[in-house]
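Paired with subunit B in one complex and with subunit C in the other, subunit A is shared by the two complexes that follow.
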Partner chain A sequence: MIENIDTSLIDWSRAQFALTAIYHWLFVPLTLGLGIIQAIMETIYYKTGKTFWKTTAQFWMKIFGINFAIGVATGLILEFEFGTNWSNYSWFVGDIFGAPLAIEGVVAFFMEATFIAVMFFGWNKVSKGFHLASTWLTIVGATLSALWILVANAWMQYPAGMTFNPDSVRNEMSDFWAVALSPVAINKFFHTVLSGWIVGGAVVVGISSWYLLKKRNTAFALGSIKIGALFGLTASLLTLWTGDGSAYQVAQKQPMKLAAMEGLYEGGNGIGLVGVGVLNPAKNNYDDAVNPFLFKIELPKMLSFFAERDLNAYVPGISNLIDGGYRTSGGEIALSAQEKIEKGKLAIQALANYRQARKDGNETVALESRATLDENFAYFGYGYIKNPTDLIPPIGLTFYSFRVMVILGGFFILLFLVATIVSYKNNFGNKRWLQWICLWTIPLAYLAGQAGWVVAEVGRQPWAIQDILPTSAAVSKLSTSSVQITFFLFLILFTILLIAELGIMVKTIKKGPASSEE
Partner chain B sequence: MKKESVPMRIIHFYIEGFRSMTLGKTLWLIILIKLFIMFCILKPFFFPRHLGQFKEETERQEYVSDELIQRAELITP
Partner chain C sequence: MESTYILLQHYWWFLVSLLGALLVFLLFVQGGQSLLFTIGKNEIQQKMLLNSTGRKWEFTFTTLVTFGGAFFASFPLFYSTSFGGAYWVWILILLCFVLQAVSYEYQAKKGNLLGKKTYQVFLILNGVLAPVLIGTAVGTFYNGAEFYVDKANLTQIGMPVISSWATPFHGLEAAFVPWNLLLGLAIFFLARILGLLYFINNIADEEIQKRSRKQLLVETILFLVFFLTFLVHLLLQKGFAVNPDVIDPTSGEKQVFLQPNKYLLNLIEMPPVLVTLLVGVVGVLFGIIKTYFSANWNKGIWFAGTGTVFTVLALLLCAGWNHTAYYPSLADMQSSLTLENSSSSFFTLKTMSYVSILIPFVLAYIFYAWRALDLRKINRKEMTENEHLY
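So, the complex of A and B:
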């Protein structure tokens, strides 16, 4: 008997994973960004010998340590969830997901864990040079951890370098470098890590501004702002560049996500990029002829340019992606969603036939089925799609999250540019309006990062693995109530951790850096 | 005075480091409580491996393939 999977089970499992990932990402970006800033400050101390930079670096290391301690291992819960809530997915991805995570665990985590001890305990006990190297290696380790996690995530967005084995029902890695160096992985790594650097810059500049607003620790604050603002500006500009690369990869590999990001229902040549817009809530179906926007301001032809590097290039909309029949940038005629669904069903049926034939010892049928499976495996996941409209991700959440991320990205460039110029002209101490803005930019930096993840993950629904496994097939057959219980358990646990972090951090900030700094 | 061996120096480095901690002691307490909750409560009671119910690798393969085939709602042989 076929048991249908309750959609509320999928929704709660997704909500649980999203909650855990969102909380985890509250801790990670500050580690990545602040780690580099404190290493830069210590490098200045190493070069100049000025104790001011030593106490400055030590204060930011304390903030780094609090964040690291509260955040460490929160990501492990995601791995628990893979084994419990997403067991079909975990089995199906096989060593593709396991290999990067194993490297992350063995190399990066131990590297991080070893050198962080020298960084915190080693002042005045090891040489200045060895201490500085440990500080840099700590953040290199943290960044390498992020690399392997992001490689695994990128593979879910763009599965490459694997072969499906119908005997083990697993994807087996056939080309490690195709997985590790896929263009999606490279862009994702740099874009995500750099967004963490922006958080680091915003936190340093924001907290330092608070000291200036309170008229205390002035020299420490102004010195920190010079480093933090310039670092934030560099990170923001690089994030803009890698964001363009990420969007290009989305256009090539996940065109439905791009269409959702833009609220683009009808594609065409020379399509404009929506700068700001308000979606029409009356739009219920992709083919209902209702205008998708109540209001929008477009940059003419720019979506075509960003998607294909050609102002007049064709960009498919949601209708085109479902109906097919347009010519792709590779020159092929695009399949319709229904055609892909048929191919997906063929692939799944071939898997069933193959396994039955193997049990029966019928090698001829097994070989034929294997050939059909291989031929159609790229569409395997479409076999689970009941209705072509199920392929459309939530448009509103994806569209607005993308705009939140991009608009805040532009704001960070402007703010860090102003902050850098003003601080290097030694005027930052007099600009209270700028100090207030910098202080309130701290939560905005976190918001931008979270919005980016919403675009990446909500925008690729219904897929757990793009085109080959939807969440409806990936989820474990559990009772919805057990997932609800763990959802609320996590909500309580992570909220306590967050309150603990904020409490300890605020106390440390109020105490301020060690005497000193003036 | 006899110089300590490298392993002993490393051990003393850590012991002295932990002893001299102030804020770090609170943080370590939080880390230990968190790890206890995660590994001694959440993992065994709320997050058993779903496929851990099967002892053999082949049973897991069979279970996942049945799941993947049946969820597509196809007519299987």
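So, the complex of A and C:
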């Protein structure tokens, strides 16, 4: 009997990983952003000796601590889920993917864990300088953690620096720096960490605005806003820059994701960028000739420009990517999805033949099979794809999430610019409308980050590793019911803990800083 | 290259074993948590206990995460086979660490939804379950687990999974092997002993000190019963050996076979490992006995802690070095994992070995920061001062 992976197992495994990642990313951005802000505040205290900045930094550290604990908890699950739920993936690419995780542990986690204890408990136990160094080292450790996991994630989007070894049946690292310093990794690191800085800025400015609305802790709030707003402005401008870099990398390495982000079915030269648009729910197939949009406003030629740095460049749409036949930017004629699937199957069969030949001691067949495998390995993962349309990611979710992220990114630049100018003119305390907007921007900052991850991860489906391994071939062999049980276990547990975290946060904010007036 | 590759595989098994050994030492945090209401008889005492282990819990947690990361990076086939197969054991271990991660920070804070007591019960749950489950899981290194590995499965398009589990219990069956459970219980009582020694060292409170010293006796007796039974059985049992000269025709890997007294032979054939084990056991016993009989001596944690690291390191080296299958399969012996058939490539191990040069620096700053924080012991007065407290 030929056994088949249950598709519901793949879906539930994906759902569980997505759930954990979504929860984890509710806490990490604030750690990354607030960590820097509180370190800046403590630095001012160190330089000026003003206790105002000490109590201000200490208050934000309280918020940091409440948030940090649950971030750690969800992060633990996420790391081990690579093994528990994606066991095939863990073997197939563990040789490459595991290294950043190990380095993350040795280099970053211990730094974070060691110095966070000094930061929280060392105020009266170590010198001012040592304490300040610990506060900075805590956030350096947290940021380095982000670096290595994002290097790992970037590698999944753009596998580089490896060769496939048919004897061990896995990919093996051949160039560490190609993995660590790939352009996708660098962009992803800065874009993601900077988006965390935006959350940090938004939370500091938003909570401080609440104090101003309540007419309490005014000096603390205004002081915090000056730092938070300028920090948020810097972060959101840099996020715009790295966002452009990320989109360019997507265009180069993951054209199907770009097409999904834009709802672009038919490509061409000089393609416009959809500013806002509403997708047509009647569009069911990529080749059904139904207009994909009910409504859209385009910026002419801008997609071509962002994707290829050329206003008239060719950008393939979903139909082109499935049907092939167009000329790529490298000058080659693109293969159709069906052709790629066939090449993938050839590669998988060649691997089977190679192993059998080695077992039988038939070196001639082994060499021939190896040559076929090497020739077609770039399409290896396509061999597991049943239908060309399986290569199309969910369009609606990707398209709208991308717009949510970009529009909010623009809004943050504007808001932080206004907030910075007003706060440095010492007028922030009088602008209640601005205080209200800042308060309501807190959830928006989280929403933008989540939307960004949806674009990155949903947009690259069905791939666990781009072109090399689809999720269907990466999953652990478990019963669907086991994964369902753990999914709901995590859902209930994380939700309870989130409610508890928010409850503690609200109480702590209501209580306010120990003494905020100078 | 071949001999360097073998050396690197052994080096990384040493590092993974060292991390495992440090993890068992750091389980003093869990041991301490499990004693919260045994040693802490009123709120202020419980607060001191929680703040004492609470300043170290992240080390245990981080070591667990790094242990996982290092295992993944150096022996990915173990990561994929064990985590993906013994699903329920690992999920339970992870869940009880999740509870720990939030409980310290949340338990004493207003608005925490579940109330202080619930979070303290979470800490006790973590304190009991984590050492027992980790010990039980490690027991499978000697007593085997129920899995199959066939790398050729990757070419089966419909079902390309390489590692699969042979029972529907997905790892829970390990708890029904008495020798696994015995190791789990030994580690649990060792963690409690280390927790007591840590309290004695870290908390300047006469009542806690006195009660902790008294409690040492019963914990030590129970630890010795479980540990010695496990150890004697280990040395007498058949072990999973690798025959370097015979290739199994089905798997194409070196043949794995059952060898009488394999782990005893490993100790005899690797005298430095035997010495490490003996020094470790002596260290643990010295730390306990001297603390019990000297009312003012509080350095027991360092002797017993170092002894624990040595003992566990030696036992884990015994599981992997000297042609031993460190993760034996009961379902199909030739599926057993060895250093050779489960490790990362030469290039990856070499690259990571450069990174491992940083480990002494990491240990140095941990030691420095730990000392700086512990120079002043926890006392009642500190618990009433207005600063960051659990």
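Miscellaneous remarks
In the analysis below, the second predicted complex is superposed on the first by the 513 of 518 C-alpha atoms of A that agree within 3 Å, B and C clash if a C-alpha of one lies under 4 Å from a C-alpha of the other, contacts with A are read in each partner's own complex, and residues count from 1 in each chain.
Criterion: a residue touches a chain if its C-beta (ideal position, glycine included) is under 8 Å from a C-beta of that chain, and two chains touch if they have at least 3 such contacts.
Computed from a predicted model, the values in this text were never measured in an experiment.
Superposition of the two structures on subunit A shows subunit C clashing with subunit B. Touch criterion met: A:174 reaches subunit C, while subunit B stays clear of it.
By the document's definition of touching, both partners, subunit B and subunit C, reach A:87.
Shared-chain residue A:77: touches subunit B and subunit C both. Touch criterion met: A:514 reaches subunit C, while subunit B stays clear of it.
Of the two partner chains, neither subunit B nor subunit C is touched by A:389. In the superposition on chain A, A:312 contacts neither subunit B nor subunit C. In the superposition on chain A, A:426 contacts neither subunit B nor subunit C.
Once the two structures are overlaid, the count of subunit A residues touched is higher for C than for its counterpart among subunit B and subunit C. With both structures placed on the common chain, the touch criterion links A:345 to subunit B and to subunit C. Across the options 19-27, 37-45 or 145-153, subunit C meets subunit B in a clash only at 145-153, per the superposition defined above. Overlap of the subunit B and subunit C interfaces on subunit A comprises residues 2-3, 5, 62, 65-66, 69-70, 72-73, 76-77, 80, 83-85, 87-88, 90-92, 117, 120-122, 125, 168-169, 345, 348-349, 351-352, 355, 383-384, 473, 476-478, 482, 486, 489, 493, 497, 500, 504, 508. On the side of subunit B, the complex with subunit A involves touching residues 13-14, 16-18, 20, 23-24, 26-28, 30-31, 34-35, 37-38, 42-43, 46-52, 60-61, 64-65, 67-74, 76-77. Put simply, subunit A touches subunit C in their complex at residues 2-5, 58, 61-62, 65-66, 68-70, 72-77, 79-80, 82-92, 94-99, 101-107, 109-118, 120-126, 130, 134, 165, 168-170, 172-174, 176, 345, 348-349, 351-352, 355, 358-359, 383-384, 473, 475-479, 482, 486, 489, 493, 496-497, 499-501, 503-508, 511, 514. Taken together, the subunit A residues at the contact with subunit B in this complex read 2-3, 5, 62, 65-66, 69-70, 72-73, 76-77, 80-81, 83-85, 87-88, 90-92, 117, 120-122, 125, 166-169, 344-345, 348-349, 351-353, 355-356, 383-384, 472-473, 476-478, 482, 485-486, 489, 493, 497, 500, 504, 508.
The touching residues of subunit C, when paired with subunit A in their complex, are 55-56, 58-59, 61-62, 64-70, 72-74, 76-77, 79-85, 87-88, 90-91, 94-95, 97-98, 101-102, 104-106, 109-114, 151-152, 154-165, 168, 170, 252, 344-345, 347-348, 351-352, 355-356, 358-359, 362, 365-366, 369-370, 372-373, 375-376, 385-388.
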